[in-house]
Structure formats: C-alpha cells, structure tokens
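First chain A sits with chain B, and in the next complex the same chain sits with chain C.
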Partner chain A sequence: MSKPARTRNTLLNRLMNPKFIMVYATIVVFLLIYTIGALLYGDKGFTTLRTFLNLFIDNAYVGISAVGMTMVIITGGIDLSVGAVASLTGMFIAYGNTILGIDPFICIAFSILIGVALGLAMGAMIQYLKVPAFIATLTGMFFARGVCALISRESIAINHAAFNELAKWRIKIPDVKPLAYVNFNVLLFIVMILIGAYMLQATRFGRNVYAIGGNEQSASLMGLPVNRTKVLVYGFNGLCSVLAGVAYALYVKSGWNLSLQGAELDVISSAVIGGTLLTGGVGYMFGTLFGVLLKSVIPALITFNGTLLSWWAKIGTGVLLLLFIGIQRIVVSASARKKL
Partner chain B sequence: MTESVILSMQGMEISFPGVKALDRVDFTLRSGEVHALLGENGAGKSTLIKCLTGVHRMDAGRIMFDGSEISPSSPQEAMKMGISTVYQEINLCPNLTVAENIFIGRQPMKRSQIDWKEMNRRASELMERFNIHIDVTRPLDIFSTAVQQIVSIARAVDIQAKVLILDEPTSSLDENEVDRLFRVMEGLKKEGLGIIFITHFLDQVFRIADRITVLRNGQLVGTFEAGGITKLDLVTRMIGKDMDAIYNLKRPDVAKDAGKMLEADRIGITGGTVGDISLHVKEGELLGFAGLLGSGRTETAQMLFGVTRAGKGSIRKQGKTIRVRHPIDAIGQKIAFCPEDRKRDGIIGDLSVRENIMLVTQGRRGLFRPMSRQEQVQLAEKYVKLLGIMTPDIEKKVGELSGGNQQKVILARWMATDPDVLILDEPTRGIDVGAKAEIQRLMIELCGKGVSVLFISSELDEIIRCANRILIMRDGEKAAEVPGGSTTQHEILSIIAGEGVQGGVA
Partner chain C sequence: MMRKRMKLDTERITKSKLFWAIVAELLILLVCLIIRPDFFSISYQPSSGMLYGSLIDILNRSSEITIIAMGMMLVIATAGTDLSVGSLVAVSGALALRLMRWDLDLYPTPGDWSITPLYLVIAASLGACLLMGSFNGLLVSRWNMQPIIATLILMVAGRGIAQVITGGKQMTTMFSPFKFIAHGSFLYLPMPVIITAAVILVIYLSTRRTAFGLFIESVGVNRSASRVSGLNARRIIMTVYMISGFLAGISGLIYSSRIISNDSNNAGQGYEMDAILAVVIGGGNMAGGKFNIAGTVMGSLIIRTIITFVYYFGVAAEAIMVFKAMIIAVVIILQSEPIRRMLEKRSRMRRSIQGGALHE
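What follows is the complex of A and B.
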C-alpha cells in the first residue's frame, strides 16, 4: 500500500471510476452509431431533435420495463414475464373499458395490483421454493399470456376521452423545426429511470440489491434482508411491467392478447447492452437508458435507409449484444487478472 | 490482563445423529484477551462456535454474555448482541466498495438517503486505525486476501462487537499479511475486545494467544495459559496420543536397485513461466517439492498429470516415453494427482463419500461397465476403514466433512485406482496435526508398496521429515536438489531465497 490515498471527491474523479466502463462503452457506441446515421442521412433529417426524441417516444415502454429488469438482473436473476404482464395490462384496460365500461384508470390501478402480486409471487417462488428464476418467471409468462387469451382473442380498441387525451398530450419544444415534442410516455420513462437510479444509489434497499448480486450467501451472512429484498425486486419489476403495458396501450391505443410477444427479450437486451452484468452485481440505470437508446437507434437507421428490410434491425441488435457481452467478459477477466 | 469475564459457556452439549458433537464443554472469555480454541478437525471447535452464534441449538448448557444469559437464534442476532464472527472464507461482496462492505445494512443516512461522504470518511478512518491505507471507494475485489480479511474484521468490530470470533483467518495469508492481521488483533485487544482465535498454526497460537482451550472429540481437554505449556505438550493433548508417532516417522526405504518410475526431461510450458524442469522419481521413493507459492511447483505437477500441456521436453515412465496431453492420458499411465485446491478441483461436495471415492475407478472402466452398487459400497467401505475417514456413513455428502477427511476421501479415490505414481499438491494444508500425521504416514506406507510419491508442501519441516530427496523450485526453474533428512530448513530456505533474495510472496 502506497501513501494514504485519500478519496478526492471531485466530480471528475468520481466519474473516472473504472466501474462505469461498461456505461461509457454503451455511450460511445451510441454516439458512434448516431454519428454514422448523421453522416449518411443527415440530409434526410436524422440529426433533428424530432428524430432523437422519437427514439424515446417509440421505445418508452421498453425503457420503463428495463428499469425493473435492470434491478432484477443486478440481483443475478431474470424475469421473462414482463412482456406478457404488459400485454395483460393492455387487455385489462381495453376489455375493462371498451367491453365492460369501467374507467380505464381504475383498470390501470387493478393492473398494478395484479402485476405487483404476480411479481411478488414469482419472487417468493424463487426465494423460498428455490425455483430457478428462469423457470418461475416462465410460468408467470405463460400464466399472464393465458389470462390474456382468456379475456379475449381479438384486438380491442380503446376509446375513452380522458385516456385518448393523455395519449395525445405532449409538451412542444419551443423554437425548433421540424416540430419536436415529448409525450407522457417519455416523461414516465425518464421519471422511472430517475426513481430506479435513486433507489439503487441512495437507499439501503438498492445497495442490498447489489450485495445480493455480488454474493448472495455473503449478503445473508452480513445480516442483510436477502429474502425480503429479492421478493420486493420482483414485485417492483411487476409494477414496471404494468407501467410499460400502460405506456404501450397509450402508444397503440388498443389491447391484444398477442401483443408484445418477445418484448421481454428486447427489455433484457437493453439492460445488458447498457452494461448490466447478466451474472449480477453490476449495472446502472443510466447505462440502461443508453442501452434503450442504442438499441432503438438501429431500427431508426434502417427506417431512414428505406431500402433495407426491418429484420436487419434484429441482426444489428444481435451483433450489438454479442459485442457487449464480449466486452463484459473481457472486462471481468481483466479485473480478475489484475488481482494476481 | 483484566479479569472481567465477558463470555462464559457452561456445560455445552449437542448431539447430531450418531455423534455427540459437544459433551459438557465449558469455555470462558475475558475482555481484552486472545483466547485460542484448538483441536483436531471434528473436535468440536466449529460446533461450539456455531452454538454460540445461533447456527445450532444446543441440547444443554447456558451462555452468559456481558452479565446476562443469551440464546441467539441466528448469526445476525448474535451479531446484534455484540458477538461477531469472521470466517475463513471471506464473506463479503466483491462488487461493492471497501466502505460499503464495512457499512452495508447500517449505512449512515442523511435526509433518508445514504450519506456516501460520511460513510467513506468513516471507513477510511477505520482502515487507518488498522494501519491500512487504501482508497475505500474502490471495489473490494481488487485488494488482496489479507486486506479483505481485515475489511471483514473492520465490519465485525464496527458493529460494536464485544466478542470477535476469528475462524481460521490466517490460512490463506502469507507471513507479512499474518503480521498485519496480528497487529490489528493486538490493537483490538487493547481496546478491550475478547477475541476467540481458531487456527491450525501452533506457532501463531503462541505468538498471539493469552490462553488456550483444547477440545478433543467433543470434550474439553483443558484451558491453559499460553506461557505455561509447551508446543509438544499441546499437540499431545490435542490428538490424545504421543507425538512420537509423528516425529518418528521413518522415511521410505528405497531399494538400491529400484528403477526410475517417472522421469521428466527438460519439460516446460511453451511461452509460460515454467521451463526446463528435469526430474526423476524412483520406485517406492518419496520426492519432496519445496519452493514458494508461484515458484512452479504446482505447474510442474500439472504438467506431469496433463492438466497443462508440457510443450517442451519429454516424460518417460519406467523407461518408455509417454505422451501426457490430458489428465486422462496420465490416469491411463497409472499416475494420480491430488490438486492443491481440494474444494475446487478435488472433491465434489454434493456427492457422497461413496460416489467421490468411486469416481476415477469408474471413469477408468468406462461408461459401459458400470460398477454395481455392491462393488461401490465395498470399495468405499474398504477405504473409509483403511484411511480412518471419520464419517457417520458412506452416503454422507463430502462437502459436510472436515478438511482432513475430505483430503482422505481424495486420497482414497486415487488409491482405489492402484496408481504407480501419486502426486500430492499441498495435501496437508488447512488440516489439523493429527490428520497431517496420518496423511504423512499413508504416503510413506504407499511408498513401501512400491508407489512413487511426489509431495508438494509449503511446510518445510514435513518435507524434510518425509522425503527421500527434495527438489527445490525457484522462479519457475529447478533451483537445486538436496537429500532429505540431512538437510536443514535453513539450507532450503537460503536456496529458495536465491542470491538476490526475492521477496516472493504469492
């Protein structure tokens, strides 16, 4: 040990911490791809604020869900039920309002109740019955999807004045053209990211989440409330899934039992691209924010190109995932080597 | 020393199926003392601690702590009362910072938010108090085991502990790190903490302990002042039989006309740190391997067994050149290898004693000639008896046995294959004196049956005592070869140190 290495609490010093390396990698790759887009399609309007904000608008539901997913993955778990739960939320709102005539906001409250309960139940299954998270949440996914089909197998449009009002509500950004705005979904996404970041950084609950992901047995021996924390994380993720479902319902203004199939994988890959380690213990909300952006800038590029099939977006995402998991492996093994 | 008793346990009793693990054990701890708890594996040290910290429920007995009777139901509860335990394995979170590891669960809060500044400041202070000058905002896993160990102690004592239990804290530390830990312990002692210190290293006991309590087979042998007992006396009490049996081990007799069993000619790892090793071992000979950690001892053994491929040189067995590219080739040549890290590379903790013993024997027979249950049971029972493996029955999970018994199970696994060459990498590390002596005796017996043994150990005195010849490694090369017996520790040490005396601490 050299001289006393006093912690210098300058902002720069804190930002230089090597633990943020994955987040920076995400930001750098995002800027890179964005720059490529700007060079290729700058004349078609790729660089406008509107295009940029559209990344948020079109992907807010993925981002909202990714907030909860990030937390789940940091504990070393996974949740495959998020797409189905979000879809179920859409069904509750659409069927409840259009067919049964219930106020959509009551439907949302009911969805939150069900979503959180389902999340807590899966968490309890994982923690107390020692069912692997993969299996427990897979059953949750089948359950939610089954209930969706039970409610209706047709797409139901939502037609409610206040709900439509909320869907249309937007804040215009002054003095830019073409017209640019953010809507309710974007605000919800940003608020959820901030709430998630606050929980992770500033509360004991959040730090316990990291501790569990680092070494669950140690966390328990250190006297941390491991069981409670893990179950609550899945409950919180249930809440995020429902809110993602609300955002999606506002986005498409309908509910359909087969909507959002495979969305869980978009959510998981957003978190992973944002630097969340699948083995647990590492991850940041702002990383996830950029993970969502990075994952959505590729389809935007493809749209601007106009001639490429949209499936190229999937291939691009696949390559990105591979790249980031590769970087993670290198970072992890490099830090393991350093210790020797 | 203050005479105030902080903790006393009276008439502690607990039984597990088939074993009386603790039988009327008394133990008292004063504040401001280091009290060593000694005994062989299975003597009841861990059980006593587990009763104290609420892992086990005792059948009888009472615990008085700080003036009142307690019966904690979990380690957390014991911790809250002021009894903290630091285990041999580091139970911290590698991904969190040093400061967090000390304070998690009890972080200082400001306006219902974690006060990171205050937490880091206090952590820094705490580590400074232990004379550790590090950046506490860095993740734990970049620091050495010793620092991590001290972080766990810092965590333990910051919970306002009055009693600190250190369960084999030194087994993975080198000399300097042990010194550092002892300084920390001395400091805590002065502050009035009572420390229970469990270890297998007798030298350390005499260096730091004020009193010593010895357990054997779940019973109390006695409590002694550290100044009033000799090492030999202590060991005799621990194993309950005369130590002469250990110190009078006879080196294997190697027949004059014994042929060379295994020869290696200038082997080395391509592009690696170990090169140009030549050695031979005769039939029935015990060849010792000395050297620091990282000097190439383990790497050489791994090359002979095909764990790492020797890119250079050649290996001959009984005069014939053999190719050892994978462990399976070595096993085919009747070479056996007990690795250094028995928990990771040796035992399969979740399998039973029987299954662990039969593994290689079955592996050699192949998939299509399964051993019958009866054969397996016979094999396992034979070796459990032969090696004196202490287990209630052969279906017990190996992971639940003590270290010495785990080592014997691995030994049994290889003995069952009837090997010509047996390579043992640190077989006696972390196990108690009695089990050590037995493993040494077994090695020598095997040599008597014509097996050639390669014995790697960090403890020079046991190598000198057992080996016919000693090969000394330094910096990935063979530094010297000396005869066993007539060589002194000092001679070997000066060879290990070499000309420049590299302070090689691994």
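What follows is the complex of A and C.
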C-alpha cells in the first residue's frame, strides 16, 4: 500500500493535481488568445517582446492590487475599496508634493500608513462586528473617494526629480528589436506576486488563509487564529492597494480624485479569471498573474485590430468572466461528485 | 394589562429600523429647516401644472434610486445582490435613444419627432432589461453562481453593450412624449414621483398581499429548506432578478428622459451601491431573509435628502461621499450582530427584572 502512495509524489503527478485545473485553464486560454493574436496581427508586431512586456507595463497596477485581492478572496471575502484607496494614494502624493512641497517618498510612507490602517479597520469591522465584507468595504470605498474629493477635485501633476527618475527608470533587454524594456512597476508587480506566493504557499499565515477560506468554523475549532488572520489579510490588501496607487501615479505622473474608478472590478475579475474561487479556499498567485495577463491581452488585441472600438473590450471581459465562472462551476461540481 | 401592552408596543416601534430611518430623515430635514426656514415652502406653477419646492424635488430626484431599490430589496431578501442595475440603466437609455433617433448621420438635428412610436421604445427598452435580468437570474438560480460575480458580468459588459447600441454616440432628442416621462406632471406632481408611487404600489400588492413576499424571504433564510418544503426556489430567484432588471429599465427611461439624451458612461453610475445602501438603511439584511418596503423607500429618501442638503446649502459637493460613508458606517454598526445582541441582552435583562418583580 505504501508504494503507490510514494509514486504519486512525483513532480508530474503533483503538477497534475486537480486543484491546479483552474490555473491551467487560464494559461491555456491566454496562450490560445495570444496565438490568435499572433496569427492575425503577427505582421503588425503583436508577437514582439515589446508588445508582450507592454501587457505588464500597462497593467502592473491592476496586478499589484490583485495580489492582495487574491488573498482576500481566498478567505472568502471581497474588497471593493482598492480602486479608491489607490486613487487616494495618488492624491496624497500629488497634493503632498506639488501643493504642499513634501517629499513624495514621505507621502508614500504616509499613504501606506493610512491604507493599511483603513484595511485593518475594515477587516475588524468584518470580523468583529460581522458586517458583510461587501458593505464594509463599500463604506471604505465611499470614504476614500470622499477624502480624495475633499483634498482636491482637480487633476494635479506630479513634478519631482527623484519621482520622475523612478518613473523613467527602466532595464533595457539587450539585442531585441524593437526596443523592449521592463520598468519599476513591472518589477514591483513581479516582486509582489512572489511575496504573495511565498506567503500563501510557504508560511503558516498562508495555511491559515486557505483554512479559513475552506471552512471558517472548522478553522476556528482547530484553534487557528481566525480573527487575527482575517484582519491582517485586509491590512495586507490595504498595503497592496497603496502600492498599486504608487504604481499608477508613476504610470500617469499625476493624481486625480476620479482616477481608477471601477478599477476594483478589473482587479476582482483578474483574480477570478486567474482561478480564485469567490467562495473561498482556492486560488494561486500564479493564476492571478495569468489572470491579469489574460484580461489585458484583450484590449491589446482590440488596439491592434484598429477598427474595433474600445467598448468591445468591456464585452470581451464580460464573456471571459462568464467563461471562467462556467469552468469553475464545472470543476467544482465534478470534484464534489468525486468526493461523494 | 393595558399599560403593559402599550409599553410593549412602544418598545416594538423603537426597535424597528423603519422608526430609526424616519427619525434620521426628520433630523436631516430639521437641520435644513433651521438653516433655511423656507426649505419646506412649496409653490404652484400654473404654466407647467406642477408643484415646486425642495421637498418635491427630493421626491422627484430620488425616484430613479427608489425604483431600483425596490428590485434590489427583493434580490437582497433572497440573499443575493444585483450589481448590474447601474449598467442596465445605461442600456435602457441607449436603446431608447437609438430607437428614437436611429442614425445621427441620417437625421442629424434633434427635434420633436421619433423614428419609433413611444410604446415600442418603452417596450423594447424594458424588454431588453427584462432579458438581461433573466440572464442574471439564470446564472444565479440554475448555475448556482455567486450573485455578486454573476451580476458582475453584466455590470462590466453592460456599458459596453450600451455603447455598441449607440455606436458610442451621445444622442439627444426633443420628442415631447418621451420628455413627458421625466418632465411632465400628473395630479400636480412630477411624473417620476407618480411612476415611483405606482412601482411601490405594485411591489407592495404583489409581495405583501400575496404569499410571494413570504416565499422570497423563505428562500433567503434557507434555500434548500424552502425547496424541500415545496417552494420552487429556482423560479422565485429567477423572478426576483427579472424584476430587478425590469425596474432598472424603468429607472433608465426616467434618467434618459430627464437628461433627454443617453450617456453610456455615466448613466446609472454607482446606482447599484446607492440602491444597496437604501435597502440596508431600510432594514434589509445582506444575509437575506427579510425586506421592508417602507424602510427601503425611506432609505432612498435619506440618501437623496443628504445630497439635496449638500447642494442646497453650498456645503462642498465633495463631502457627499464622506457623508454617505459615515451614515452607512453608523447604520451597519448599529445593525451588526454583536452590537444588536449586546443591546438585546440589556433589554432582556431589564425585562427579566420587571418580570421577577411581577412574580413577587
């Protein structure tokens, strides 16, 4: 009996674990759409490394925020405040630097403080007061947007030497034509994905997150620190939102109270497309990475097409969401049947 | 005996959320009245046959949210959420304007005309929204999708669909029967108020005068238990989402008639949140299982009163969001289970002390 148990532990068998199906589905659909793009618009430069890296550059802020969102969704929650908090970060940096003349990096530190505090407060509201996550974070969203508008209703440009330097900083990839590069936002995105993956897969905290998402009551009966973990997850998500706001500020070099409206939907749908189950307990950072790429390849395709208008991207995203939730339903019900 | 019953009644009244919603609304109105004594004045304008005044304006302007909140209330009572309503408002307006103007290149100037008769315009817009509502219902009831994510699909795609319908153009119209929907009057009141009243009445009659409301609440409390006891839970959930879509369509027609134009990007922006907020203020529970029509109407009125207050008194318009956030925070914290249990325990303790005194 012990022998088959050991053979099951080979790398291939471990990779074939059904719990990764959703991630594979995301990767396959991404490759499929990318191949279609390559076949249709290969001559226009769709296959170049530059186009591929642009997917990262243009969507790094969504991805950074999706790291925290993935963790929140794995615990079975949701956070609607991410876009507003990111926008607030942009306002803090822009107003603090341009109007008040504070160093932008001090503004960023201050934003991190506020973002994490707001996240922890929402987490506490959800966990201790039993307010539904949807409503608690909706309050957080209104609050952050309101503060944004109170600070200023105009778009403020950021003009600071070191900040501009950071925004311009890039690593060129040698020997590629046309010129391809990676900037600070992309590095931040990748680092956040790695940190998130490490936290989820290799730490006790990550185990607790999965356990709570699987069944909160069981987790608490097992003696896991449910309250603390959940509140910390929302705090971590606050940090991710602020970093996403920093990335966005570097990307557009300004702050505006209405920027990133509806970004929370992009972030949530990226995580869902990446295979994170909204019922909690299932999700991987690697899947989220591909979810972000998959969601961003559609606008890229539409840009390359040139005749289709941009709103088809919205419809495309809706169809993708439908497709992936459909796949999730089938996978979940199939595995439930297997268990029976 | 008599005294005891009276006491119980006052306790029940102060415990009901409707009572607190009314108190909140009256408090805000009182502040308005103190700052500006003519706030309550209502005047009659013979030329339009309509009453004018801040209070009428609050009723008039709250109608879009109130109508949507009626549908949202039923959806929330089944333990669901409908995020797509804001986008459906945009779709309804886009379709209406498309049918009236048809093609801006062919008929470039807006005027008092329409390509399609009004009843067809209304039927098509409402029909499309009903269809989209049943799409939501299908995903939630048949495929057992989580309502938030199922309705997120149309929330994202809906504005795209609206833009496809109009080709991304913003059209305006002067078609007077269509303008009448939002600018007309009936019985001295603006049309939207009349339409809202009719919607509330229909919802009241069909849920509280039949068993349908009870069915909805029972599905919200425990879906499988109500299925086992013979309710067709799927059909009930389906119906609720269809109602929500249909009402979003009505709201969209009022909105687009108000601005006599369509606006795929901004029409209905954030309505889903306001409607959910109205339901929650009015005593609905996001976990499902109950709904309160009068409370929801009060919730919507409170939201509109805050906005009117902010505009009317020149408080920075930016403060609306912060105001809203504070009000929801207070309401949901008071409604939250641990706080309620704490309050209940206190009142139970008081009651048991009284009971003990009676036994002696």
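Everything that follows uses one rule, which is that the second predicted complex is superposed on the first by the 333 of 340 C-alpha atoms of A that agree within 3 Å, B and C clash if a C-alpha of one lies under 4 Å from a C-alpha of the other, contacts with A are read in each partner's own complex, and residues count from 1 in each chain.
The rule we apply is simple: a residue touches a chain if its C-beta (ideal position, glycine included) is under 8 Å from a C-beta of that chain, and two chains touch if they have at least 3 such contacts.
Values in this document were obtained by computation on a predicted structure and should not be read as measured data.
Enquirer: Could you look at A:319 and tell me whether it touches chain B, chain C, both or neither (first, second, both, neither)?
Expert: Only chain C; A:319 stays clear of chain B.
Enquirer: According to the stated criteria, A:60 is in contact with first (chain B), second (chain C), both, or neither; which is it?
Expert: Neither partner.
Enquirer: Please indicate which partner A:214 is in contact with in the superposed arrangement: first for chain B, second for chain C, both, or neither.
Expert: first
Enquirer: Using the superposition on chain A described above, determine whether A:150 touches chain B (first), chain C (second), both, or neither.
Expert: second
Enquirer: Which of the two partners, first being chain B and second being chain C, lies in contact with A:240: first, second, both, or neither?
Expert: neither
Enquirer: Check the residue A:281 against both partner chains and state whether it touches chain B (first), chain C (second), both, or neither.
Expert: first
Enquirer: Mind working out whether A:203 is in touch with chain B, chain C, both or neither, as first, second, both or neither?
Expert: first
Enquirer: Examine A:294 and indicate which partner it touches, taking first as chain B and second as chain C; both and neither are also allowed.
Expert: Touch partners of A:294: none, neither chain B nor chain C.
Enquirer: Comparing chain C with chain B, which touches more residues belonging to chain A?
Expert: Counted on chain A, the partner with more touching residues turns out to be C.
Enquirer: Can you list the residues of chain A that touch chain B in one structure and chain C in the other?
Expert: none
Enquirer: Where on chain C does chain A make contact in their complex?
Expert: So the residues of chain C in touch with chain A come to 81, 139, 143-146, 148-150, 152-161, 163-164, 168, 264, 273, 276-277, 280, 286-287, 316-326, 328-329, 332-333, 336-339.
Enquirer: Quick one: in the complex, what on chain A touches chain C?
Expert: Residue positions touching the partner: 78, 125, 128-132, 134-136, 138-140, 142-143, 145-147, 149-150, 153, 257, 265, 268-269, 272, 278-279, 309, 311-315, 317-319, 321-322, 325-326, 329.
Enquirer: Which bits of chain A are touching chain B when the two form their complex?
Expert: 1-7, 9, 17, 19, 201-204, 207-208, 210-211, 213-215, 217-219, 221-224, 281-282, 335, 338-339
Enquirer: Can you list the residues on chain B that touch chain A in the complex?
Expert: 75-76, 79-80, 87, 90-96, 100, 104-105, 107, 113-114, 117, 120, 124, 128, 132-137, 139, 141-142, 144, 155
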